[in-house]
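Naming follows writing order (A, B, C and D), and every chain is counted from residue 1.
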C-alpha cells in the first residue's frame, strides 16, 4: 500500500533503518487465498509448492536482501482472513 | 405501598389485568407494537414499568418486538410482549428462536377474528392451532387461556413461572372479549404469589446446554465471562452449531421432552357439573362463559350437562378427556374447529361442534342447541 | 338478587361507556356484588352508536353480556330502536326525555322513568356531565347500587379538576323529581 | 530465512480457536474485517467479558460464532432488535451487531433505520459484499447496477442503497465506510465506533470471490481488492449522500459522520425509571426531554457536509 512505501522512503532519506520482522504462520489455518502474497509491500511472500492438511498452498518466505525483506509492517497479518499469518519485530542479534 | 404489586381489589379489563400480572410476576421489560385489541396491555406497561424500574420500548414492528424481548431475557430480565393475530403471525419467526435457544419470555395474544386483518376490534379464537404449530419445526407449545380479568392476572404470573421453569416462550392466549371486559381483580399480597425464577448456571466449565435431570439446562448469565454462544441453528451442548441428524435428534428431542415429561403438571382445566353429566361442553376463554350459562340452562331443562373448561390449551388435556369419553361431547369455539380436532382425537369419536366465524361470542342459546343435539 | 342486566345505549360522546363503567365499578368494588362491565358491539357500533352493559349477580357472572336487560337506559332515538326490543318483559325503561320520543310507554315496560339529562347538564354549565346526571338518576330510581358507592366511583373516575361539577351532576340527577 | 511455524495467533484470546478454520471461503474478506474488529477491541482495552456480539443470518452472520465473548446468532434480519432489547436491558454491556448487507438492509432494513433514529448505543459493523453469499450469490439491496447475480442473470436493473448515507440521515452518531483493503484505517475507525456513545455504524466493502466476484470478473479475491485500490477515494466528512457507489467509478470511503455525543436511547429509557424523574410535573419532564433531545440541526449540518461547529 502507498502508505508503507512512503514511510519507507522517508525513513531511507532520514537515514534511519527500517524495522525488521519475522513472519509466523499457522499452516493449517491457511486457505491459500494469496492476499498476504499479493499485498505485501516488500513482496517477501510467494506461494509454496507444498500442501497443508486441507490441500491448500500456504505462503512461504523469499527474503532477498536488500529489497524483499520483511519490515514488520503487519499488513499480511491484518489482511489475512484466517488468523493464520502474523509478524513479530525481529530483535537485532 | 410498593408499586410492583398493587395489593387489593381493582376493577380492571382483562388486558390491564394481564399487564398487572406481568408486573407482579417480576416482568421488567416489555417490547411491543400497538395492535387492537391488545394495545391496552402495552399502554398499561408503558405507564407502569418505569414506576417499578422496568423498561418499555415500542418497537417498529412485531418482528422486532419479539427479537427485543429475547435479547432482554438473555440480559437477565423477565420480558413480555403483547399482540393480536396479525402481529402474532409476525412473531412466529422469533418465537421459534425462543424455542430453539430456550429463552423464557411471555407472549400475550389477544385474539381477534382473522384471517389477515379480519375484524380488528372484534372477537375471534382462531389462533389456537397457530399457538400450537405457528412456527416451523417440531416443538411443544405452552398456551394458557383465561376467561376473566382475574385469570388474566393469575395466568400471566403462571405463564412467567412456566416460561422460567421450562426456559421456553409461553403464550397467554386471550381473546378480545376477555381482554376488553371489566371485572373485579383481587391482587394478593406479594408473599402469597408464587414466583418461579430461571435456574442460573454457575459452573463456567459446564456446557451451557447440558440439562439437569428435569431436562432443562440452567441459563447462563451474560457479561460474566462465560463466553456463551447462542444460536438458532441446531447446536450441541456447548451451544455450537452442529448441523447433523444426530444432534437434531438429541437436542430437539430434549427440547420436546422437557415439556412432555411434565405435561401432566402443566395441564389445567376446570370441570363444572361434569360428574353426573351426560353431555360435556368443551370451551375456553369467553366461550366458556357462554357455555357455563348454557349448561345451567340445560340443567333447568332437565339435561345433565357439564362444562370442561380448558385453562391450559397446550399441552392438551387428552388424558382426562379420554377418561370422560363415555359421555357425549359438544365443542364450542369462535373458529372453524381447532380444539375440536384435539377433543375428537382424545375421545375417539365425533363431538357436536358449535363454531362461529368470529365477531361476537356465542349466545348461550346457541350452545344450548348443541347440547340438545348431542343428547338426542 | 339473581342475575340482573343493565344496558345503557346512546351515541358516541354522551359518555354512556363511562356511565356503565362507574356503576359496574361501584357495584363490584364497594357494594361487593359480582359485576361485569362490557362495551356492547355489533352492527350498532357503527354510525356512532355506543352502548355499555353491566351484568350483576350474587355469584360469579357467567355470560357477561346483557341478553334481555332488566333495566334499559336509552339516551338516543337510534339506541331506542336498537335496544328496546331486547328489554325484558316488565323491565325498567329509563330515557333521556328530550332525545327519545315516544307516543306512549310501551306495554311491556314495567317501570318507566325519564329525565332531561342533557338540558340539566347544560344548565349546570357543561353538557358533558349528562351521563353522570344519568348515573345519579339510575342510582335513585333503580336502587341497584348504593348512593355512596356510586358517588365514590364517579369521583374516582373523573379528572380532579372537574370533580366538583361531576359531584353536583350526580346529586342533581339523584334528586331529580319527575313530574 | 523461512516462515516460522506457529500454533497460536496474537488474536487467539478473542477467538473460539476450537472452531477454526471458519466457514468462510478462501479469500473472503469477513475474516479480515473480524480481525480488524478484534484488534480495535484490544487497542481500546474493551473487556471481552463485558462485550456481546449479535449477528443475524448469512455468511457474516456466522461471525458471532467465532468470537470468544458472549455471542448470539439470531434470525435473519433481527440481530438489531435483539441487540436493542439486550442493550436496553443491560446498558452496562458493550453490544456490537456484526452482520451482512442483506441481513441488515434487506430483511432487516426497517430495524436498522429505527435503531439509528433512536440513537441506540450499539455498534453495527456491516459487511457489504454486494450479494447474498451463503445462499449462492443472489441479488442484494447493495448489488451494483448491472451486477450479475443468480437472480439478476441479465444484470441488476435496481439501484443499490448507499448504506452509509442512509444510516447517517436516519440519525446515527457515527458513520464510516471502508473496504477490506483499508485495514488500518478500518481498525482506527472501529476504535472510534466502539468508544462512541450512541448509534455507530461502520460499513466495510468486502470481496465475495465465490458468489459475486466469480460472476463479475473478480474471480480472484485479489481482483476485488485491486478494484478497491483503484476506485476508493479517501475523504472524511463528506456529505454522506455523496457516498453512492457506481460500478467502475470512484467511490468515497472515510468517516462520514462523527456527531457530538448526546444522551443515548438507553440513557433516556433509564432516566424514565428514576423516581426523581417520575415525580416531577409533566411540564418539567417535557423540559428534560427537550434539553436532552438530539441536536438535529447540528446533525443536519454535519450530514450536509457543512461541519458541526457552531
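Note that in this section a contact is a pair of C-beta atoms (placed from the backbone, for glycine too) under 8 Å apart; a residue touches a chain by one contact, two chains touch by 3 or more.
Remember, predicted model here, so these are calculated numbers, not experimental data.
Chain pairs A-D and B-D differ in how many C-beta pairs are in contact, and the one with more is B-D.
Each chain gets one centre point, the mean of its Cα atoms, and the points for chain A and chain B are 60 Å apart.
Distance from the chain A centre to the chain D centre is 28 Å, each centre being the mean of its Cα atoms. With centres set at the average Cα position, the gap from chain B to chain D is 37 Å.
Judged by the touch criterion defined above, the protein chains link up one after another in an open path, with no loop closing it.
Remark: the chains found to touch one another pair up as A-D, B-C, B-D.
Note for the complex: chain C touches chain B at residues 21, 24-25, 28-29, 34-39, 41-42, 45, 61-65, 67.
On chain B, the positions that touch chain C within their shared complex are 9-11, 121-122, 177, 180-184, 286, 289-290, 292-293, 296, 359-361, 363-364.
Of all residues in chain A, those touching chain D in their complex are 1, 3, 22-29, 31-35, 38-39, 54, 56, 58-61, 63, 75, 77-84, 86. Residue ranges on chain B touching chain D, taken from their complex, read 29, 31, 49-51, 53-57, 59-61, 63-72, 74-77, 79, 93-94, 96-97, 222-233, 240-241.
Contact residues on chain D toward chain A in their complex (touch as defined above): 1-12, 15, 20-22, 24-32, 34-36, 39, 180-181, 183-184, 187, 220-222, 225, 229.
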